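Mind looking over this structure? Questions follow.
The chains carry the letters A, B, C, D, E and F, assigned in the order they are written, with residues numbered from 1 in each.
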């Protein structure tokens, strides 16, 4: 079991996706419990892999029994295993959430296909995370992207248009990535990450490598919606179904950021990415711009999910900033922030979904006196918001802590300042929201829709069903516990993920 | 120094958190039970705090680390003399304020009382947290908790004005503490690798490793960040926060919140930087002059205020700077004075706020100019006001005198004659803005009271009629309110005659700081 | 393409061509080891034959030959065959997709077992590609508006 | 001479790059959504062409199917220089599949867009959206 | 807009062309792709997989996992098209 | 490998790509895209990548074009650029 669990990490969801389709053809109701069960197994598997990595060091699993440069291998170190756990756990929790929400937002016949594609999305993300082969990353990136396009397209309003935009830009990103692979291949002849790591240093001054690196970066920046290339994200994640927003927002960008880390610091050595090229400087400024831009845009929005989208853009900025400062603390912060941000974003988007499910409200100005109707949800919202703002003891603080320390270590005072400034702006965003919820004068929200049915019974308590609340609780508990145990997380896992050159 | 491991600090903090939960669960259905929780928690908290006093008086320190996040970065508690001092003060006054707020809230029949009491309890927890924190990080954490959970209290009325004031409050407090204080914490951690308070100051040990410029910058950032102390450029939130119900102003904005601010200043000055270091660099003097400016300027502004609570607020701004001034003098007497001033000002100012609230409840008056002759309607209240005012000014048989005495001594020890001048002029200014009120209340004829229509209509008046026109009949606030304010007024007198208990603790604190010299 | 083409020429030509095309598709799948081709190309050709049927007759004919549900099941079966062979290797004690181990259950030496395993997955790929091509074309070519049970 | 050598050695790549740029331009500049997809196809194909070109070998190399390989003739030594590099071919088979899958999904999305807006012109779609927004 | 796009495209193209400068010449038999990993595929395909077509052996065996991914992509596309387009009652 | 053919195909490929992007009719665009794919396929055969060429012939020139035409029949062939 243990020796094969890296392979099972992919096989289980992949085969389950197929079986889910077949099961659904027999009985539609079976899909949901099946998906939840499978994702539960995946969570266990990912922890198992993590345990192996912690005990025995890096896992190198040779697929098909071929030796690495010829065959494909999984290369799982602490970083992969960590991200894998995040992906699996988030998918699991969001899957629990999906039941009512999907029944609410989707035609009945589509549910089985939805769950199939959900599992395929998970497979794709997991595949990206565990593999140790640059071309294989591309293949699984495409699986995840195709599934993502489809899941976004089944949303409401302009979802299809947004999804199409995502298709175009996502393909450009993937193509750029593929071009990078091609350029790399044309001078090294290898696709395996470890093999490339050995072969690249002598070529560091080659122009081909330079261009390959640039295209990798631009392609991935498109995929993770880094600031100037973020245009597809807000629409896509806003109009997607709530479940999908929660899943995709929490995992897709994180996986992209992971690949970015891999390429910058494993495929190329930190020496190349930091010393030889001004990449980190450029990335740092771009990330800083992303943070500020995301927060400012978030301030201007009224649609709750759109606010979250722009905050997500800012959070991507945080992660990239952590990568780009190029020191231990910064990198730790980036990795920790991947975890925290995944949990926070999943939580917030699920809360948005729960509110939408129960009241049909999407805009913040409609939320007045929501706490009387859904007190528990609002409490969770408050905790998640506090975490996003970065108030201790929630988890959001600790990643920012390391990020700021990293920025200060790198003597980038301005970045440190921007980090704090953007936290403040996020605080204003959520503060506005809270003010509407708790203190809106009675009837202020009436200017939106005066005679909607939910107005009548708005003071009677009416929470979302348990299948939605339990995942939210799990995530809120996660926010608090990850905050408390972030020291342990850093000392047991994250400190080993820091690349050697730091 | 002996270290005792005990979870008592956590209990002291947790009890009111628990109370908050119970209050929320009980809700509006059983009001008596809900308020019983508040009072029970207050009493329990006070007794827990008091149970720690013997250790402190023995020269021991109670420590408890909850968990460690990174080396030098943990959430932990350490009860030393300074902390216990502040803890006793806050938890004792909470008991009194609890009674007072019950009277206040019920007489005015306020809405959302559950939220009010719950937030109050959380705020007290956080205050304890700040008092007992063993490092800058824990301090910061609870500091933010105070800010966030007092926001609903300030915005309690939910009128546009209240929300605007509350927003200003939050903007100032969160903005500066994240923008400056957190930044300073980061720099501190980056420079020294730890945030734990040490009695000699952690920067003192890092001296020589980093340049003085960086230390100065960090210090300034800290000072700018600790806005809760309402130092002059960042004082604006305090008058704005006066839209809150009076008990909130009384306990939080005269004691808990603002005192947390000055308490953090004291801690930063003596435990983070260390007296010796500041003395060497000369930052103390700069801070002292800075505080002096605040003292005078705020007093002058207070003179111009007609709203009673606003006048009290500016008075608070001015008085808080006394504390900072005392610490900034960096002399034993100065520090004693400032620590004593924390408690003495607290008793005095809480009395004054309580009276303001009582006047509002009984007569619905908020302006100074309307108070003519009110002393005849509300003799007990106004007597307490007078005592409080005298204590503020620093007239001998009242507590305020002691701290001013020590402060003056400190200034003399530090050879800072201008500071003495400041103290004197401020005393005169204090008299100028308090005594007219007293005079008007007792000796002026009541004018045309145009607020009688708003007099409380639900028959809670303590004694007397609903007709303020008669002017001579007693028209006090409910006993629930008058008794607490009498108690605190009494407290100021008692403290003048028996300050030994607090002075003992102060002495221990001083020994810790100066290394027993 | 909504109404049926009344053109007898197209119908006849297609009727003549479809069987050889399908046969060729099978040949391409099967002969992938020795000549250009393999599961993917063969699957495409098989799919193309059904598309041709769609063009020559109408959607009803295609659905009569290949019911939609069957198509979906085939679509899943192909991947299942592929992954299943991998699992088989796993069960037999080797790494995932390591067909060499199949010599334990096949009458062949390891290299030959690999070839046979490869052949198995080519079939899987072929099935999937064929049915996916049919399903995409059915849905795009009719904008999803065709009659009948969707499941 | 060196320049000539250089151009002869590299001009193939340049034409691929020109192709890519045509596709890329269509993707980002064309206002018609279908044209974007056409551009996407061209872009991807050009990348595939680029990959294939990395496998090319001058000097008489043939297609990567081992001659005389029929019937278990494992044993005789095979010279790698005689055959083309199969790896890029394999990668590009995968890439083609990805390409056609993306193409199919994109077309499906376009049909959904057409159902809703009855046009593929970006500006007309935005006009419709604006009208819808104002109506609301 | 179109002009801006044109600039972006030209810039990208220029970057790509700049990158080709250090690339091995077209069809160079000694280039890295031709000499590093791939020779083994050609030399050992018969011996190790009994498949003369090296492309097939690499596709389905050496890099079989890629092909599994590829098949999954196709499968995904099929399911996606059904889900997006098929009208359900 | 015959370099004349090589050059010819390359030029034709570029021409058909430009034409397919610029032609003001989607059906023509589809057909030109098919032609482009087929030329590409010839180019690959000429380069020796027979498998890829086979696939491209089946997919790019065959199935893709069929998809595209079916799609255009379902929607519209109108385009402004």
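Following the convention adopted for this analysis, a contact is a pair of C-beta atoms (placed from the backbone, for glycine too) under 8 Å apart; a residue touches a chain by one contact, two chains touch by 3 or more.
What you see is a predicted model, and the numbers here were worked out from it, not measured in a lab.
Chains that touch both subunit A and subunit C are the following: D, E. Using the average of C-alpha coordinates as each chain's centre, B ends up farthest from subunit C. Farthest from subunit E, judged by the mean position of CA atoms in each chain, is B. Taking each chain's centre as the mean of its C-alpha atoms, subunit A lies 29 Å from subunit D.
Subunit E and subunit F have Cα centroids separated by 19 Å.
For this pair, subunit D with subunit E, the centres built from the Cα atoms lie 9 Å apart. Subunit B and subunit E have CA centres that are 70 Å apart. Among the residues of subunit B, none is found touching two or more other chains.
Counting partners per residue, subunit C has 34-36, 38, 40, 72, 75-76, 79, 83, 86, 96-97, 99, 111-112, 136, 139-140, 143-144, 150 as the residues that reach two or more other chains. With touch defined as above, residues shared between interfaces to two or more other chains in subunit A number as follows: 14, 18, 21, 63-64, 109, 135, 139, 142, 146, 149-150, 153, 179, 185-186, 191. For subunit E in complex with subunit D, the touching residues are 1-2, 5-6, 8-10, 12-13, 16-17, 20-21, 23, 25-29, 31, 33-34, 37-39, 41-43, 45-47, 50-55, 58-59, 63, 66-67, 69-70, 73-74, 76-77, 80-81, 84-85. Those residues of subunit C that touch subunit E in the shared complex are 32-36, 38-40, 72, 75-76, 78-79, 82-83, 86, 96-97, 99, 111-112, 114-115, 117-118, 121-122, 124-125, 128-129, 131-132, 135-136, 139-140, 143-145, 150.
By the touch rule above, subunit D contacts subunit A in their complex via residues 20, 24, 27-28, 33, 36-37, 40, 43-44, 47, 50-51, 54, 87-88, 91, 94-95, 98, 101-102, 105-106, 109-110, 112-113, 116, 125, 129. Put simply, subunit B touches subunit A in their complex at residues 67-70, 73-75, 137, 140-141, 144, 148, 152, 155, 158-160, 163, 167, 170, 174-175, 178-179, 182-183, 186-187, 189-190.
The touching residues of subunit C, when paired with subunit D in their complex, are 34-36, 40, 111-112, 136, 139-140, 143-144.
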